[in-house]
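Structure first, commentary second.
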């Protein structure tokens, strides 16, 4: 497929110039990061709009209407407002830790973006153990949230930060067990390889229990409702963001939506075959399909947010350890017996 | 039902043992020459009937104190605190140090008739 | 969990919004609606009943020069009006009425103090 | 054991007004809660001593800004008792209908806020507000004002109901009856909701009586006391109300009692609407004048069941002004119980408890 090939190598300057020079590869990756980050920001932004609009509709409201067509620019206006406000650093805070946490989260999120494949060849860097790195980073983010909340010197922030780490304790193991099952089934940690292993069957059909566990655990990892305890707006005012100044708050809000889209893409890659579709649909470029799948998953996540109530921290841990950990073990064993062993 | 300060606790305990175990409200009325304190109590029976009873007593303006009834009716806690802040009736025998309503800059007891309610309000900053 | 989720999805994609988009669409108000006050200066008999009954001392009587000479008429401080319509009820010639007009705004609350001439 | 002291309020999303709680936590468990009230103290009892009788309703109804008409009625009822005026049959019918509509609106508000307090993204909140809005539309149609209806007059109403009010009311309450089943299904089928509500913030029957809580909070603890039933007034004398009780006394019971009470209100409104057409007498009461009639009773005590609980108005009458107006506000005493209820609960459940107690700060501080 020449089109796919061209899309895959669109940032590989060496490919176009006919040389394989390392310098050109590095420049290509940098351009790739910038372009993909911008595209990703647009999608993260769209997620923010979509969530406002859909939740408004779930509540018999109109949602944003006035700024731009269908209120598309409302979030941009809010963003500008937030960015134009004063940046205050509370005196009680550990100023360097506090200031550095949120930008670090942004940087790490971009790093995840770099590792994910979007269509054949369209990937920042191909690593044999990409899946492991992605989940290492995802598990690291709550620690940064913890430093941010704890160093803010606010009690609500500290409580939110502690809860964030507690959730990590409950939900890290099920996630790792599910991806272990996937890796065992495919025999690789390469994300490309995982997608290509779903040519005949999506993994959602092969391990439905694993999908449900992974979906719930992803909600917890990205702290979407019902696991949004670190923010818990009706209890902790804004949780770990209570003392964060408006510009950083804008960044945190944006990261929330971007991470939701990231999680959706990850679910699409691991369980819904990424860009793979039945052959009679493949005349549309692969990039479209992965984004469509991620979009549908995001809409579902938003619907979950509109429906559910917030769980309590002990309830979350009980649910994680009593249900998700044994179930993910069962999932691992079943996968081994049925498909591998 | 009329009562006196001396026999108040005994009267209320007796009422409570007769089934009047629900305190509705404690309030005071300043009649300038004396101050009335009203205890409204109620018996909520198991059969769906209820009786209301009022225990009144009057205090001299020079001698404003009452024993606490929180041992008999725990619900009396906030009413007594409110009454002591609003009327200046000293409630003896209770260990609440904090004001119920937040501290304010003025002086006097607002619900007494002698309180100058229409005097221009001054904040602590004005006084400085 | 499935049933509430289905209900949310149904509401989101199939039910119409209930809210009205304000400046373009306004809801129909009943005739008895209480909004900004209006004064008919020709029939006002300067009796001050409205100023006496007003619980918030919103209405003050100010002197106005009319065709029939100097008269006192109500001046309304809309910034602290409770819209209780007691003034409307006590007014003997029913010249002070509450209208359906509710959208008025000012940068300074002093601008909302309305002279009798402006009460219309 | 280290105690963390967290300051909730005066400005906090879930306290429902300006009130401050100092919460002492041992880990995640509440050791002690100290409520600080008085941020919204407006001295209505003192103001009432300086105003004429019919100037006071605009103030009393601002005590409880969620259910203003109920307070309005309690005050006007006290003045009527002081002056020995009895409202006409038709006025009683109208008052009963409007008060029950107000109760529906207030309970919807409370259910919506509760769902928000235990962490929903405003969905049930907005649904409840939409339905409440339909009820407020009815009240606006009847009184001319959306929120603060100064529509009670001595011996009747400010004006009669508009002609097609009965039909509109019937449509709306039928819709609300349907919605109540939807709400109950939507919330109780949600495992997170039941986990957060059941067995949390338990107030036993004996404690409830001792602490003097009132209204739905009292009935959720299994004490069957409702002023509308035990001391009936207006049309409750004719159409008997069932006091809805739950036995468990937890957050869930307090929420459920409100749902059941809305259904009960719908039933009563239907009954009263049938009787409205044939009711005798003039709906309009005495119009407000600069002089009111002189009271015949020096002291009058009037009990009314407000949406939040029982209100007792203790009115000492003077010739043109009240000499003393003492208000027993339901929110005040329900809030006083908060430190007992929330002892031993989780910090996250504290807000659920606050939501289920359903206090209005205006009513607490007076």
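To keep things simple, chains are lettered A, B, C and D as they appear, and every chain counts its residues starting from 1.
Note that in this section a contact is a pair of C-beta atoms (placed from the backbone, for glycine too) under 8 Å apart; a residue touches a chain by one contact, two chains touch by 3 or more.
Keep in mind the model is a prediction, meaning the values are calculated, not measured.
Located most centrally within the structure is D, per distance between chain CA means and the overall CA mean. Averaging C-alpha coordinates per chain places the centre of chain A 45 Å away from that of chain D.
In this assembly, the C-alpha centroid of chain B lies 41 Å from the C-alpha centroid of chain C.
For this pair, chain A with chain B, the centres built from the Cα atoms lie 60 Å apart.
For the pair chain C and chain D, the distance between C-alpha centroids works out to 27 Å. Of all residues in chain C, those that touch two or more other chains are 1, 4, 7-8, 18. Among all residues of chain A, those that touch two or more other chains are 58-61, 306-308. Residue positions of chain B touching 2 or more other chains: none.
Because contacts link the chains in a way that matches no line, ring, star or complete pattern, their graph is best described as other.
Interface note: chains touch in the pairs A-C, A-D, B-D, C-D.
Chain B contributes residues 21-25, 27, 29-30, 38, 40, 44, 48-50, 52, 54, 73-75, 77-78, 98-102, 110-111, 115, 117-118 to its touches with chain D in the complex.
Of all residues in chain A, only 55, 58-61, 155-156, 159, 225-226, 228-229, 232-235, 237, 305-315 touch chain D in the complex they form.
For chain C in complex with chain A, the touching residues are 1, 4-5, 7-9, 11-13, 15-19, 21. By the touch rule above, chain C contacts chain D in their complex via residues 1, 3-4, 7-8, 18, 29-34, 49, 52-53, 55-56, 82-86, 89-90.
Partner chain B is touched in their complex by these residues of chain D: 34, 36-39, 41, 43, 45-46, 49-50, 209-212, 223-225, 229-231, 243, 301, 303, 310, 312, 314, 316, 323-324, 326, 328, 332-333, 336, 365.
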